[in-house]
Each structure stands twice: as structure tokens, then as C-alpha cells.
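The following pair of complexes shares a single chain, subunit A, combined with subunit B in the former and subunit C in the latter.
Take a look at the complex of A and B:
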């Protein structure tokens, strides 16, 4: 029953995706150009990178609301360090250190102390953001090394930027990790029922620690790409991104209660959102309406499975 | 009904003198009507009056020039302003729009996208708020000379405090380069003229052009600085929010609000004494002039180089000049602007 429901969910996403593609191609002549296809990913690349790690977190029946603040923090730390005269390479290492530390703080409070991730990461969302604002103050910091901004703005291989390669690589690695390894099965089992998993002898704390450190590190790298792409950083850089990221994951059919969800589903959801936004932009539809359309889509994606399972339950009773 | 007009002041006069002194007296370049120009007017965000007025002016100019292309008015939502502007500029480049007219709210964050646009053949003309580094930008249509705004802001504070006292600035977002340039110009004015020596700038805070945030920031200033006499808000959103905050808390006798505002939105606060004096220029004219200059740039009538003189329909002749505030960048200076008070605000609000 469950795998079939999953298949139909992804089938639905695929149908919507193909419809979006067809609609865009028919209405916007520039849509299918290679440059537009690269731009479409590049404009949201930081969010979709973080969404991949978020998928594993939510399948594990947790949530990480602090990702956007960690992105902002890593960008702010980099900008601050570079403007204090720290060489760019060293600044990158400092950021990775800060990111790991941020992930460890989350992980210890959630996996060892046992506070719900919703609470911990909500608090850290505020805390990390505050720290970023203290570093950058009410201005913007730029003057990055050229090699750094080039990494964010120019093609790296075959005209495709490094961040997009990273997304593709991470997609394969995390997809295999979730669906083809023992660790991935543990993530799903714990997400289905953490108590049962614990009694079965799984090291729940270790799995959760790994996930939250991974999530923070992914957010750190994404934050650095954001800084490189825009060439300067503000205290509110990446503010509010966590909601877009979680939207992508939930629309991909990942259950907010954990235990259920696939990487292909999330990728399809990402493709739908990016293509919809891009198509609407090419058709000169303004920001307010774009946000509204995505909102309706999310509500539908949460409602439809519920209605379907409700109908099925009724049919079974009859 | 007395209109208090303040002209482009010293820098404007200096530019004029320079022009008259030059040996070549070229005729202003005329636009050739009826050409195809696809253009995008990209404001900081949608939903506030001055940008809609600029659009009205741009549409008027487009109709007058009879462009066979399209003029789109699109913008991001306020909370997504910087990222949204970058996305829309990138999309406009993909669409091969001839020209994008940008009121920049993303600071230099938008410079890479503007350079990419220029490289792909989509011209970027800024108005209202420029790209600080000037990168990727053909030229900036400046509403008034940024240095002279600093003088007017300082003078309004001077008037309202009676020449001595503490004040604070409520700005829009920290990356709005027009705001930053004006605040800097005001600080320079305060520091260089003995007349202002008894004025003390306590703080600069940012309400991000969101009404509620600006409202709270204004009240925060009053709490933090008990001797505060004036809130100077050089943003049309901030000045309304601050005025309402002072009115709601019955603080108008103690703290006056001033800055840049739209008469239609400010009339009640000016008449009840919460904001006795404020200034602004015509956003309709700014949109009109920006479209004229952009049309001529897109059709190749001008190249966007210093010294080129254009004839902009009903507004007359303008010259592209070096921007004194941004090294290596160019501007067209519109000017002048008007100071509003209880004598003239009602007429202007209609």
C-alpha cells in the first residue's frame, strides 16, 4: 500500500513538472535556452542545496529551522574575516569550523539533552542570526577576493557553475545514502518510530548527531556560495530561506511526521518550484502573484494526500 | 500657496558653468519616435505610491515616443526585494529586453547581474537609487543632487529644532544606496558648517521601508533618546510610519518628524503639527525623464557618455555628466525639489 501511494505521489509530481515545462516552453520563447536553464538553478541554488540535507532531517522526523541563519552566519563570518585582512582560504576554513560547531550545538541539545528539534533550532535560528547581525551590523560587507566571487558567478566546468555541480554531486551522494545504505534505513526507521528503533538497539543519538552536523555544514557551504554569487553580505542575508527550503521538501512528498519520503520526490518538487517561478518571471508576472501560486501549491500538496487517504479509508469501510 | 523651491544648489550651478565654458555648443540630441524598445521599469518593490507615480511618468513618455515595444512595470515583494531584483534583472537579460530601468535596493549585490546584463546587450539605467559602484550601469537618473539633499535635510532639522538639539535618522534599508548617500551628505553638511554645530545626530536606524518595522523603530528611538527633538526619515514609508507613531503616542509636541514624503500621505500630519515640514521631488517627472533617456540609449541615439545632451520632451534639455558622488559613474540630474509645509501641502496633496 505504502510504496504504491509513494509512486503515485511522485507520478503526480512528474505530471505537474511536465505540464509546467510544456506551459513555459509554449509561452516563453527564452525558456529552453541553456543560459536560462542555468540561471533558473543558479538563482535558487543555495536553497536547493540545503533542501537535500533537510530531506534526511525531515524523514528522520526532525526539522532544522536554523539552516537559513547558519547560511547567513557563515556568509557574515566570511565577509567579516576577509574585511579584517584574513586571507580568503583561511576565512573559508574558519567558516567550516563555525558551521560544524553550530551543527554540534544543535545536535547535542537535540540528540543528547533531548529537547525537540523544533524548539532547539528555532532558538538557534534567532541566536545564529543575531550573531550574524552583530558581525555585519547595519551595512553590507564586500571586497571579496576575485577567485571567490568567480566561484559564485562564473561557469566552472562546461559553463556550469561550481554550486550547481555541488548540488548534483550532493544529490547523488545523499540519494544513495538515504535509499541504498544501512545508515539510510536507520534514518527511516528512527523517523517512523524512534522508541522502537531505540529498543531494537539502534544508536539513535549518533544518527541524529550526524544528520544535524551534516545539515549545518551544507548550510555553511550554501551560505558561502550565496556570498560569492552576490559579492557582498548583509546581516539579513538568506533571511527566511528556511521556509522556502522546507516547502520544497514537503511538496516532494516527505511526511512532516517522518519515516516517509524520497529524494526523487524532493528533486521533482524543486524542479517544479524553480520552473514555475522562472516561467512566471519570463511571463512578467510580479512577485506577489508568484508567492501566492507557490503557497497554493503547498497547501494542495498537504491537503491532497490527506483527502486521498481519507477517501481510501472510507472506501475500505464500505 | 507659496511654493518654496530649492534649486540644484552649488553642484548643479557648477555643472552649468562648466557646460557654458566648454567650446563645443552641441545641439541637444532628439529622440526618433516610433522605434521598438522593450523596457522594464523595476522599482525597489511594488505597492508603494512613489514607484507607481514613476511608472505613470514612464508610461506617459512611452506613449509620447510611440515605442512599438513593450514597457513592463514589474517588481519584487518588499520582504524579497534584493533577491527579487537580482532575479528579475537576470530574467530581463534572458528575455533580451533592450533596457532595464532600476531603482536599486540591493546595493552592490546586484552589480554582477547588471554586468551580465550589459554584456548580453541589455542596458541598465538606474533611477531613484543607483548601483553604488556603478558597475554594469549605463548611467543614473538622479532626482536631485545628492549633496543638496544633505543640505535640505540638515536645514529642516535646523528649522524644527530651533537650531539646537538632538535628532535621529530613520532610513529604509542599509543597502539603499540613495539613502546612504543622502545621510552621508547630511553628515558632511553638519560637520562642515558652523551653523549646525548645536545639532547632534544620535543614531541612524533602519525600518526597511516596512510600515510596522519603521513604526517600531521610531518608537524605539524615542525610548532610547529622551532628549530627541526630531526624527529625520528620508523615505516616504518611514516618514509616514514615524508620524503615525508620534501621533498615536501623543508625542507630537515633543518630537517632530521630517524627511522625504508624499504630500498626499503627509497632509494630515503636516496640518496637525506632527510633521510640519518635509520635502520631495516629482516621481512622475523622474519616471518620464528616465524613460526618455533609456529610450534614446536603447535606440542608439546616445551612447551614455559624459557630455551628451538630450532633449526630454516636456521636461526640456539634460546633460549626462560625471556623478560627483560615485567615481567613474555617470548621471543625469533632474532636480529641483520642493519643501512642503502647512501653506502648500494641501494643494499638492490633491
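Take a look at the complex of A and C:
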């Protein structure tokens, strides 16, 4: 199923990951403590949850730029509702409703109307963000129920927070979905060649609809965790997260042209990015430089497979 | 005469497989030299060696009598060797002249536009074609794009032009024009290496014919000494009756598919036929007769807007491929690359693609073992040449890709099977195999509809021939009354004129 090149690609990621671990452990003694390990996940937990759904979207040869705005919107809706006196549980349900609706809007425009996802989700990135800003205005909204902030801040089971459990569960579910089920096979085939899929009787629109609703729902839940973890919400909460999320996916060896990519690759890429940032932070390297390093890694990750496949194609040209 | 290109004892292996064994070939200046062989005979490797993509393991290449090393395509081009392919590469946003000179860097820093167009025009005229060099390439037909590629090669002063299956997607008229271009090149002293599965073209254009088989040189003869049977025998290594005539009409079962006045607004109209179980109906016609559109309507890709379709006595309205498949209709597309196969994916995933539902277990998990078993069954049954069903489909030869596509549709257990140009771009041996498979299916009671532009194929397969012309039904002819002349006459509208 998996071409050899991808296996070696993941091998490369594994090597980089182990190097990062060794380097960090050598330079920062506190790196290997359990608390630091939980922390480094916790600081980016919302992004990595959304990255899992984004993996399926990109393998399907689409992209969802609106995820960060949906995260912001869901956090804003929750904060607004709670501050209007709506009970927390009901507010959560409203958020899920809003998230589903947001996903359906994306899905209909992309899968039924046929506008490229890049355009649709760029527009929705702006639109949903605007909506979130209207709700929260220029202030920040807090006053969340204690049970809600506890969900974001405290250990849930074995000292591990609920969001991290969710990430692990989702990782297994979506990994199996992508690599072992009929639905996942359809996602890959459509990402490889949507016309072949259509001529084979696959319902391309339905698969894409499912993916974009799933992506929006995942972003909604992640937005709620973000609100719970920080304890307050602003209009620009989660601003720009989509780029970090897409970076994680692409660095995992998922082809931006669709059809190729694996969940294990994305997990490795996530581990590398988190550990690299954490290690640099422990060494007091500033966030800007951290971002620069990640940028270089991303370019390398997109360049290397492209160069390899270019060389292959040249060799294969009759 | 010193050969302009000569290969001496060239061998090339990929891992354990020998692609070329002691290949000898000599090309004379100004000749059209046809190279024929089945898929997998080593033609591709041969081209790659001549164009510098691959290097021979042993043996040598001589250009104009001097040993040359061709480490890259650029070196081959510098030595005067270029190739054009089935699918031309042009830049759609540039105009014709810019495309011709795209790889020919202008001397000096600045473009001299006036000169560019004059020079492009001169080259195009040498080819004996009329083509406005200021036209945007995006509007060019496939044949015109090929002309641009040939002109590009000429602008680089090539001595040897390799044409690899150049006519696979061209209409009869365009083929004639391409053959004329090949002759024009020859008159200018350019040696043309012409690779084609279409034997009739080879007889029209070639001076000499080389047959290769299993990576080895079998024969090189002047065209006057070549017969079609002899060439086919050399290619397959045994005598086969490539164009076996229809023995007798198959015994048919009851009518399965009945089509009345089928049409799609602005595309085609007035198509009516009955198709029985076990019957093979061929759709013949010129390129642009809209035969594929009839198939797409029956398969639900571009649904019909008028007329009636009855399947096993039930009126049906087919609006999606899924619906067509549920009714037992399958469509084997002519375009393997764009519509037929997910090329980067493994054989087994392509075979199971249209019947994934059968393989699903709890939670929608795919039963991998059953999937592999399914693929293995077809690999044996259809003799798909690949060591492993996990191999990428894109790496198989055209004939084997065709079989994978066929396996995908056979697994859906169709009652009506529509083939669109089932043997386009595949070699004589694989062609005979595909014909046998189609006949077997009919014998098993499948109702078969074959769209084919290959008249010998139509006559060899069909029980009846439906001829289309410009989106309309021009005639429905039983095989006993069909002949090439009759079909061409109907397709070109002769019948109408004589009737009027």
C-alpha cells in the first residue's frame, strides 16, 4: 500500500525526531521530566488535534484554511453564550451546532457548487473570524464555569488532561479510518484522481462533505479546549493557527497535491515540531527564531520529496 | 552510406530484468525507420537509451560513425537526437512561435520578436502545414501541438527525430497530415524513427522496418520485403491471426437493454437500439461522432435529457454512475490515465475500487486478505503480467493496465459492459487477448457495447454495427452486411447523399 519512498520519508522523520530528543535531553536537564512532556503537548494541543483532521483533507487534495477561525468562533460563541447567562452545557451544544453549520457551508460550496477549497476556506477564514470579533468586540470574555476551565487545565486521567486523551483517541480513530477503511480508501483515491473516482462510481461530493464537516467539528472542539485552557476568549483567539497546522501536516510527508501521506508521518512531524520548539524554549531561544527554524524545516520537507519525484519522473520519461 | 545513428550490441538491465540484449540498430540519414514490437519488447528502453535518459550497460552508440556517450537528454539533443510523444508538451500560455523556440535560448540578452516569428513561420512552412505562429498554444488541437513539437525539434537542427506512438490519439485526417510531415522531414534529410502499433501507417510511411522482441533485434527489412503476417509473426514469435474475422454471430439471449430515441441536448440525439444478452454491438463513427457521449449517458456521467432506456423490461432513468453500476452497467473508459486508473496506487486497490462495498467488514474496515485474493484471481485469470499485486499500476505496460481496468469492472459483475476503444495504444498480442476476453464475456451472456475507431476490430468483434455521424444514428448494420466501405460510407454521410 505504502510506496517505499514514503517509508524512507518516515524513516527520515524518525531520525530527526530522535536527534531532537537527544539534543534536548543533553542541553536541558528538565526536558525529560513527565511534566515537561505533558506541557509541551498541552501548549499546542488544540493545533495538533486539528492537524489530524487536516491530514485527511490534504490527502484528499483539498485544504481547509478556515479551521483557526472556526476555533476562534467556537470559543467566542461559548464565551458570549455563557456571559449571556446560558448554562455551560447548553452553550457547548450551541457551539457544536455552529461548528457543524460552518463545516456544511464549506462543504456545500466546495463539494456541490465546485469552488476550489482554497478560495472557499480563505473566504470563510475571514468571515468566521469577523463573526467571532463581532461577538467578543474589543474585550476579552471569561467567567467560565469552573468545571469547564478544569477540563482544559487539570489532569483528567493518570494526570493527563482530557484534550490529550482526545488527541490520542482521535489519532487512532482517524489513522484507522484513513489507512484501513473503505472511507479512507475513497479519500486517497479521490485525492489521487477525482475523475477516476467519479468514473468508478464513488460519491466524491459525499466524501468531501464528510471531511469538511469533520474538520470543522474537530476545530470547534479544539476551540473549546483552547478557551478552557486559557480561561478567557478574545476576538483574535487562535489567529493564524491554520498555518502551523498545515505545516505539521505537510512536514509529515503528506503531498499538497493529494493522494499521498500517512498518519504516522504526521505524528512524527508533530513530535518533531513540538520537541524542537520546547527544546529551543528551554534553551531560551526566542519564539521568532523558533518559527524561523520550523519554516526552514517545512521548506526542506516540501522540497526534498519534490526533488526526488522530479528526478524519478525525469528518469521515467520515455 | 554512414548510418546517422548506430547501436552496437547494446544491453541494458534493470535490477534482474534484461530490457535490451545485444541490440543492434542502424538508422540511415533521411530514412523513415519503423520500430515495432509488442508492449514490453523493449521499445521504451531503446528510446530512452537513444535520447540519453538511460545509459547502456554494455555496447556503444555511434552518431555519424563516431562513438558518442550520451549521459543526458541535453547531450542527446546536442548530438541531434530528439523525440516526440503521444502526448505533446506545450506551454498553453505561450504562442506557437514561443513554444517552438522555448528550449532554444535566444542569442544575446534580448528577444528579437520579429525574427522569432519569421523564423518560426519558416520552420512551420518547411513541414508543409499551415499554422499561425502567433496563435496561443492553448487553443491548439493535439495534432497541432505535435506539429509544434516537431517544429521545436527542427529549430534545434535535429538529425534524428523519434516519434513514439504519435498517432494514437489522432483522427484519420490528422494521421494523414502527420505522415506527410514525416515524409517532409525525410526529404530534408532528417532520419525519422517511427514507433507505432498501427501497421497500416507503417506500410504507408516507412522505408525500413525493424522488429524487436524480448529486448532483442529480430529483423530489419526494407518495407517492400515485409508482409503484415510476417511482421506480426516476428513480433509475437508465433503465427497468430491478428484480425480473425467473425466466425458467426453469437447466439443471443433475450433483449436486455433497449434504448429509444436517446439524446442529450446539444450533444447527440435519436439513438435507438436493442442489445441482447450475449450480443456484441459496436459503435462506429469518425472522431467527433459523439459515440463516447452515448456511453457517458448510459453510465450516468452526463445523463441523457431525452429518450427512454429500458433494462430487463424496466424503464430506468440513469443519472449517476453509482446508479448505472447498481443496474449492472459498467463503462471501461478509453482514457486509462485520466479516467480509468489511479496510476500511483497498487494493482489491488484499482481492481477493488468499483466494488469496495463487498470487501467491507465491521466498522467499514477493508478485508485486506479478501482484497488481495480478489486481485490475485484476476491476475491469473486475465494473465496480468506483474510479480506482485501491490505493484503500482502506473508502472505496468498499456496492455496490462487495460487488463487491470477490465478486472475492476468484471468484479462488479456487469450485465451490460461498455468498452470505449478497448485496444487503443496496446500491442497486437494484447489486442488479441482483449478481443478474446470480450468474446468470452459475450458467450457468458453479458451484453457488450464496444466503441471502436479501429474498423478491422469492429468487423472482428461485432454482431451488429451502429454507425454514428455528428451526434446522430447513421445506420444499424448486421455483421453479415457490414464491410469497411459500408461503415465508412455511413460514418462520412455518403449513404445520405445517395439516398437523397
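Please note the rule applied: the second predicted complex is superposed on the first by the 307 of 318 C-alpha atoms of A that agree within 3 Å, B and C clash if a C-alpha of one lies under 4 Å from a C-alpha of the other, contacts with A are read in each partner's own complex, and residues count from 1 in each chain.
Going forward, a contact is a pair of C-beta atoms (placed from the backbone, for glycine too) under 8 Å apart; a residue touches a chain by one contact, two chains touch by 3 or more.
Fair warning: this is a prediction, and the values are worked out from it, not measured in the lab.
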item	value
Side-by-side fit of subunit B and subunit C on subunit A, or clash	fit
Partner chain(s) touched by A:196 [first = subunit B, second = subunit C, both, neither]	second
Centroid geometry (CA): angle subunit B/subunit A/subunit C, rounded to a multiple of 10 degrees	140
Which superposed partner A:282 touches (first subunit B, second subunit C, both, neither)	first
First (subunit B), second (subunit C), both or neither touched by A:121	neither
Partner chain in contact with A:20 - subunit B first, subunit C second, else both or neither	neither
Partner chain in contact with A:269 - subunit B first, subunit C second, else both or neither	neither
First, second, both or neither for A:259, with subunit B first and subunit C second	second
First (subunit B), second (subunit C), both or neither touched by A:39	first
Superposition-derived minimum Cα distance between subunit C and subunit B (Å)	38
On subunit A, positions contacted by subunit B and by subunit C	none
Residues of subunit B touching subunit A in the complex	45-47, 72, 74-77, 79-80, 82, 84, 86-88, 90-91, 94-96, 106-109, 111-112, 174-175, 204-206
Partner subunit B, residues of subunit A touching it in the complex	30, 33, 35-36, 39, 43, 138-140, 142, 149, 153, 229-232, 234-235, 240, 277-278, 281-282, 284-288, 291
List of subunit C residues in touch with subunit A within their complex	44, 47-48, 53-54, 83, 85, 164, 299, 301, 320-322, 324-325, 331, 333, 338-346, 349, 353-354, 356-357, 359-360, 363-366, 390, 392, 408
Touch list for subunit A against partner subunit C, complex	1, 3, 176, 180-183, 185-186, 188-189, 192-193, 195-203, 259-260, 314-315, 317-318
